[in-house]
Amino acid sequence: MKRKVCFVITSNIHYARNKLIIQELKNHPDIQLQLVLGASAILPMHGDVTDIMAKEGLPYDERIFMTLEGGNLVTMAKTTGLGIIEFTTVFDRLKPDVVVIRADRFEMLAAAVAAAYLNIPLAHIEGGDITGTIDESVRHAITKLSHIHFTTNEESRERVLRLGENPDYVFNFGSPELEFVAKNNFSVTNDLINYLGVGDTIDINKPYIIVMQHPVTTEVKDSRKQIDATLQAIKELNLPTIWFWPNVDAGTDEVSKGIRTFREYGHPHNIRFLKSLPAEQFIGLLKSSACLVGNSSAGIKEASLMGLPVVNIGTRQHGRRRGSNVIDVDHNKEQIKSAVLRQLEHGRYQPNNLYYQPGTAKNIVDKLASLKLYTQKHFHESR
Amino acid sequence: MKRKVCFVITSNIHYARNKLIIQELKNHPDIQLQLVLGASAILPMHGDVTDIMAKEGLPYDERIFMTLEGGNLVTMAKTTGLGIIEFTTVFDRLKPDVVVIRADRFEMLAAAVAAAYLNIPLAHIEGGDITGTIDESVRHAITKLSHIHFTTNEESRERVLRLGENPDYVFNFGSPELEFVAKNNFSVTNDLINYLGVGDTIDINKPYIIVMQHPVTTEVKDSRKQIDATLQAIKELNLPTIWFWPNVDAGTDEVSKGIRTFREYGHPHNIRFLKSLPAEQFIGLLKSSACLVGNSSAGIKEASLMGLPVVNIGTRQHGRRRGSNVIDVDHNKEQIKSAVLRQLEHGRYQPNNLYYQPGTAKNIVDKLASLKLYTQKHFHESR
Amino acid sequence: MKRKVCFVITSNIHYARNKLIIQELKNHPDIQLQLVLGASAILPMHGDVTDIMAKEGLPYDERIFMTLEGGNLVTMAKTTGLGIIEFTTVFDRLKPDVVVIRADRFEMLAAAVAAAYLNIPLAHIEGGDITGTIDESVRHAITKLSHIHFTTNEESRERVLRLGENPDYVFNFGSPELEFVAKNNFSVTNDLINYLGVGDTIDINKPYIIVMQHPVTTEVKDSRKQIDATLQAIKELNLPTIWFWPNVDAGTDEVSKGIRTFREYGHPHNIRFLKSLPAEQFIGLLKSSACLVGNSSAGIKEASLMGLPVVNIGTRQHGRRRGSNVIDVDHNKEQIKSAVLRQLEHGRYQPNNLYYQPGTAKNIVDKLASLKLYTQKHFHESR
Amino acid sequence: MKRKVCFVITSNIHYARNKLIIQELKNHPDIQLQLVLGASAILPMHGDVTDIMAKEGLPYDERIFMTLEGGNLVTMAKTTGLGIIEFTTVFDRLKPDVVVIRADRFEMLAAAVAAAYLNIPLAHIEGGDITGTIDESVRHAITKLSHIHFTTNEESRERVLRLGENPDYVFNFGSPELEFVAKNNFSVTNDLINYLGVGDTIDINKPYIIVMQHPVTTEVKDSRKQIDATLQAIKELNLPTIWFWPNVDAGTDEVSKGIRTFREYGHPHNIRFLKSLPAEQFIGLLKSSACLVGNSSAGIKEASLMGLPVVNIGTRQHGRRRGSNVIDVDHNKEQIKSAVLRQLEHGRYQPNNLYYQPGTAKNIVDKLASLKLYTQKHFHESR
């Protein structure tokens, strides 16, 4: 009988980053893939992946609407509570042999709790990293609920072991999204970019920057001030810019309001605002951009292998391993401006392999297919 | 302004074990105590503490009904999801400066997630222990969501540090329940014990044993077989016995059904069945008993300081530090019988101080009153 | 393509009363039956029907754990809220062409809201009756959410029409449980009754009375006093008695506590306490009893066709059509005693057909199979 | 002791329409007002009233985030389920003597169930109307859960009586929003309108039309087609237009997507898009407009007293009493265009008093202050 592997996706970028693994799972002869879509991955406002995945031969098994509107700490917490109720229903029905989750988003903890409480072995990709925001707590809490760990770098593997996990179940096969970057040959066209979104027309055959700035859940009161600093910096730079709307974390409404106000009253030029892009196009857009600005993990992960110049703002990626392509700045207009100018002057960096290994998806899926599964966790004391 | 410290209680034994801390919190001049009762702590079937606490001058600030009937893994998980929704409401209203939780029960994770997601500093008592069941995962996940740690023994303090917590916020002041044991002079009377519960009249002035056996969430399919082994052993021993009903963990219905069937068709003699006892009486009953049988943590914790002979059955307390007063056996009738007989023959052990320190409650509360609080967690790498 | 008819069952007595309809649905060539079990119908403490139904060839399609412990008004309301969330999941998955619900229990409103909001045509059995408690409000609210109505008597059909429902979709085919009574030849044995439950052994070959008294949700503060009056009356009558535990409505804990206290300290004789019985046995037990005491609707419905003497206590069945076999009394020990004695003296009444028609199940199912379904409701003004 | 009257508001237009009642409640010497805000009334995307109300001296007592993102039937139903859980918490805490709700929105049923199940007397404003969508079912279900009824017209009062309600508790004092219209002298300015929203600048000193078109929950699959017909009609009319975004009912995402696509690719001129306006400004804007187009109840209610020409599209207001100022059309571009042109040619109508009475707010509040309250409902048979 095939092993039932249930993969959980809760945002559109999350799909992009796990695409190779999901395809590998689908094609593996000993695995029956179960796909669960939830949270913002199925919300039109945040890039619904349902149709895209169906077209790519990946129809979902279950969908979970769980996101409470409000974009604040209360709705973030309650979304997670409702998520546990719903993931429990779904896992109890699908009865997977193993559930696979990824990273550190707040709602992913809901999937982790549901699986662990139902005695379903849980595999976690990208454990052991350190970051800012509530993600830092969420990620390690998920590690302590998980049975199998696929870290994306050696430092993180060490950290997961230190956390008491069994060395026989902790693997560093590199970062799945970097394998996707390495394999992806897509490029974007002016037509697509200027068909989507709103704002000025951008010619991506000339140098452009990308902005992705999400709220910081542990600094939620500063959300508006933080986005305003970036908006002003970008306005004054007056460079062709593709700006992505923020994710749904607490503070999102303040960030969005800042952007909307800016659009209406700031009379910005040279900026196009996008909600999301399909995975391949997004990587293509990153690859040909001159600089990535904001606090997205793409600036730490994807950018490392591209040698893409990055201006990383604030604490959201605090503590994560990064290459020399990243300049860290505060939420300060002048710092942001000057860092962007320095990066443009510098141009492309040498790619680094902090997070990249070939064969990531295949290695992960082979382990998922063959590892002996277990339920009761034991703290591994040997370190 | 006084610091608002919110203490969460989710079972009646949980109240007993934290009583000294709660009183200390109430009396501290710089602290405003907020009491939240939830889960089985307010259910009549499981020992509602509302009235007892009110009589002792500790009326609640908020009560949370969150327990789904069913006693299985699904209801355990969904109770936790609903718990997050409800704890979020409560914490958002009370706006505590710090939330204090305890131990490893599945529903406690709900309080932890709610507080952490709302950026409320979280203090955790009894982190770093290792045990069996889902509790093992829950406890460490809570540690990774918490900001302040009060472990109950030195080994656990070391483990919490290894988990990456900040040494300035990890303290070992000993186990609160052992301080309660040490200070408590209550004794129980035949009248009380035989007024409560159902079954035969027991003369507690003669040697008697106590049985407390809870379901093991990670072995839920074996629940009935496990309880039956103990029931048969106790029946064949035919000694005066006080038997406590199980807690609400997944598997509770099978355990309860085993006990009910036994009562109706096993024609047991010499056994009295109780739901719960007030804290002081429970300690009094333990102190004067000849042997504790089952898998309660009271056999590891309270019993250690009393030198009480314990027969610990199965994996539920797996890995926990224990004194020589504990004999571990499998879910096997003959093993249980023979271990009980050995313990009765041996009699009282020397008390040990594995978990005991004087001044536990006062030391914890002083820290809660004075520690500088913080929100954003950072992994402490120095170990 | 067969029409998908989804039948919802939320208590064990609810199953009994709808058994003939469910069998008819299962056997109809144009219908695909979908069975959803929820609320107390799947709780061991309240008579889990899962296994019984599976043995009778009726495995469930979906099960919903939704009952919050507490037995008070808050948990009753929140159970309903959670029920909407869960029924929505289930109906969205099963995609029935029509959902069939029954009667007036508080949690049934959850199924009604979920179906109506999903634009699924809703059929309601037993609309138009009037009663006491919150049931009175629930029943008519359900009527206003429903598209097809099967009342159990002519007065109720008139009332449903008056409520603005379309006459083409309102039918009186009689009460399904009375058809079940009429067709059922089962009788109970001393062995079964005395195998189940707890308490004294009862010889059902001699005259015995049955007590079924549930809490009244709109008089929840009087629950204990109300049950105590009945307990005292029964004790003083000192007749062989079969006593059923109450349902889960708000107040249930007080009622249960009254019964438990009575069992322990009232030293009752001649009473056996049962949780539930399978449908056939329950009807058999009713048929051969001398008198039914309490506030169950069985005293109004089933008893009418049996000519069974009934002492109906309090307001729970207020307003319902009843035959001369029913004596109404207050929650007053003396009134209850004297009414029981009068009923025993009188003995069996002539059966009446207030609620009975032959062919109920077949007629209902034929309509469910053939009626043209619709979604948008319109108030029918013609009356 | 003052009577505690709890008023529930779940949308910004809902606040506008009840403003006079709320002020009257606040000023009544025998009443303690409790304000509960929930659902879209506190969502920035849909016109958060929190700050506006606070500035007007009406700070809230409780706020409830309950709206699940998705804008489909599933999220509509689950929002209602979660709403019951949350309203139960809130009412259990506030312990009002009476809860007041309004109209027929799907989430309002949550407040009704919570209050009714907690035995709190429930007053309902605007019962007895008939409309399309799920609102038709919701409104009458709420009536059957309510204890006091304030209808807005005589026909509706008759209908509520026919539904079995007690004549002593059914009053027609007219429609509160029409009293607000009658008393309101506000006018809007070009500055305000063109400060808010997005799109072309509109000169409201010249003739302009207003469009308000919401999804129809029972025709959710046609949402996009329906909005597209209106969008095309308005485009071809090419008149100065103020367009309000739709409410959150199921289908809202399709409607919004239609509007957004239209904005980006339809290159509309002469249109300004608004999310919401404060109550006074909204009435001012209505008063000075040339025609209202869409399916808002404002076209039936507010417009009647203004003699405002209305083009009402589709079934959403089906069955409601309307004056001669309303032309009904299908979701058909040509019908819409030609009806708008006819209305512009006709100009203002004579105001009618279908829904208006003076003193509405005062009369309602006097009853709320003085009526004898009751809990147990009885079907009133006399009609």
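Per-chain numbering from 1; labels A, B, C and D assigned in written order.
Keep this in mind: a contact is a pair of C-beta atoms (placed from the backbone, for glycine too) under 8 Å apart; a residue touches a chain by one contact, two chains touch by 3 or more.
All values derive from a computational prediction rather than experimental measurement.
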| item | value |
| --- | --- |
| Chain pair showing more contacts of the two, A-C and A-D | A-D |
| Furthest chain, CA centroid comparison against subunit A | C |
| For subunit A paired with subunit D, centre-to-centre distance based on mean C-alpha positions, whole Å | 40 |
| Inter-chain centre distance, subunit A versus subunit C - centres from mean C-alpha coordinates, in Å | 52 |
| Residues within subunit A bordering two or more other chains | 74, 78, 82, 85-86 |
| Chain contact topology (line, ring, star, complete or other) | complete |
| Subunit A-facing residues of subunit B, complex | 73-74, 76-78, 80-86, 88, 92, 106, 109-110, 113-114, 116-119, 130, 132-134, 136-137, 140-145, 159, 162-164, 217-218, 220, 315, 318-319, 375-379, 383 |
| Complex interface listing, subunit A residues touching subunit D | 42-45, 65-72, 74-75, 78, 82, 198, 253, 257, 263-264 |
| Residue ranges of subunit C touching subunit A (in the complex, touch as defined) | 82, 85-86, 89 |
